[in-house]
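The chains carry the letters A, B and C, assigned in the order they are written, with residues numbered from 1 in each.
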């Protein structure tokens, strides 16, 4: 894939995917997120770094969680945020997506945060911009969710500073998961020791798409000795498509129960991008248990999004 | 009822209900609202007391009026406000209420303003918080609407400084009214002289629930000599439940007409929490008349909500 | 029409229509918009002129484009903006429009930005205000869209400083267009040389309503020698009403193709209020071509709205 997201000096111009981003770029964003956390913990929650800047949330899929995280990140940097309501917008009146984008650009916005069910929409927008507005991918189809990949990497790093000896399992509908793809790109770029992807046979990705990853359909085998496990949300519509059996059967084979977790390393960390389906892909007691980093992930998400916005919009 | 809303030093930690709150706490909030009004009238409409703080509106029932009031209150104190859109949120995707709350807490918010049709939801949230976030009840079921109780008390106080000799009537569907309950708690705690509750027989509360109040089903008798009357909005769905007769019949027996108002004290004040049903529970000419404090109530609502936010979030 | 929008000193109190506004008032607003543009281009995007002021968007018709423009304008002047959500508001619960307005006024707002499908609604609101709140018409029925008229005048002025020799064509559903009316008022007040209105016979206005304008039903004739052409959006519902033939037939007779544009002056400017229907009223290559000012119009819209807000709310 080409890298329209880097400018001629190799600086981040958009954040569309983590695929192909240099390790130094990732580490720079992670470092910046850590600095922002430190400021926040010392009581500086609002910075004025992006005063006068305008961030537009263009969410074509419903998502309050991610949108709220971006919203807070932008506001805490001093930017103005417009939540562009797709349902009542000109796009509905038949205006093309690009006309909507160019119209908003003409109002002098500085960033689009884009979520769309079609893979490639953020990149499509980025390729057709007429200003130096930045595009941040907040999730496109099953392709990428780069801020999720970064926040998962940050969360893991804070607990396991040395990635080189680490074995991480990602379990769920890998084939259709943008979270899985961005996690794979982040963790591999940052030099993770071993990366195991586990899914029902029908939901495994093509091996060629995930070089350097080990594929499993036996969750118990995948978990053995793992240092961290990232559970994916079960999309209920998969069941309708007959790609997975019942919820109960799914939990029996691919759910993370405390018994199953016992097969991993004794201090194995548990992650999940949320929102969780309790007792479907993860047992409630595991989600709420001492190894769960699920809420830490949420908190790190705001710092990561602040870091990305600062990198892209700060002068 | 226990008081999870006070901390170990007796300071307000959440505002869930006025029931059981000490008179000093109420008076402190009313005084603070008055100070904020004075600042506003002198031209200081925006304060920076809550810069960097995040207030999240969690409205599970539609309400633009109350939500806008809280929104303005928070913004005028410098806080950032997130209107969490329940309709497109993860709660709809099957996430539990508490998972939503914990997720938002993990993003470092400082207050939840909660409206829910189920009584007790704000308290339920307050009991399960994992941070020192504050919960403000913006109306739960038929249980409590504490900022309405405070703003009604404030409105009355500004016109009748001595509550001890005052006779106040509340008329409408007392049984199902959170406004009535919070008004009763506020006025009784502040030492109101006489409190009369008037409703159709089917909509009267249990006498035991309202100690110290006089119950009436004859509005003319209830009004006799009253110094102030608070009319409640008729919820149209009560009629479907056959608990009240037609609108016309309701107005004939329980509507506040100017003829009926003549039976009260000559300078009897008229209040209503809004939105009003003109000529259903209150005649249009009374709502718009010289004794009506309805719009003053609205204005006081913003100052009360600022006072509560400042008390709960100010350091 | 009376001028409730001017105060006793001839200063702008509301912006309801451009009809009857003095040329000096229009020029003052255009100058101010230019100053705001200059500040913006020098990097001052956010001013604190309206700190503590509250602007309420009251949109009874869906419009993200215009609402976003007003939203950005208000925020860039430092004001707080409330997007009053009509769908979930008390207006839906049966509250009258004026009760909603008076309630919001009681919360001390400073301006209402009103869009409504009924002509005259902004004026109706302005006549019944109880505070010194300002009303900005963001489009009412087919009557007026004054900020559009101003921004179109500004856009044209920046390219053709001398209006006196200029020939401008407006083409589309003139009869039902508030944009056409406000453009006519702006351009005639500012001394445009010649103004031609072109529409299918069934969509022409009464000649008496547009004094000083030339009416055409032959677009080729109207275009001959024109210096600028403003294309109007085709409202699809007109076709349902059998007032116009098919889209293809409409484009053949009234669509702006590059061939047709060749009949105008060689440097004829092309404008459109948006959102455009590509290849219905305007060919895609013309909309995107070198003479198109469509996106400039959008950018100017923000500066015009800032200028109006500053004029109405600045002390």
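Quick notes
Rule of thumb we're sticking to: a contact is a pair of C-beta atoms (placed from the backbone, for glycine too) under 8 Å apart; a residue touches a chain by one contact, two chains touch by 3 or more.
All values derive from a computational prediction rather than experimental measurement.
Taking the definition of touch as given, a chain qualifies here only if it contacts chain A and chain B alike; those chains are C.
In a homomeric contact, the two copies may use the same or different surfaces; for chain B and chain C, under half of the interface residue numbers are shared, pointing to different surfaces. Inter-chain spacing, taken between the CA centroids of chain B and chain C, is 41 Å. Annotation for chain A: no residues touch two or more other chains. Chain A meets chain C in the complex at residues 51-54, 80, 82, 84-85, 88-90, 92-96, 99-100, 102-108, 130. Taken together, the chain B residues at the contact with chain C in this complex read 40, 44-46, 62-65, 68-69, 71-72, 75-76, 236, 274-278, 295-296, 298-299, 301-302.
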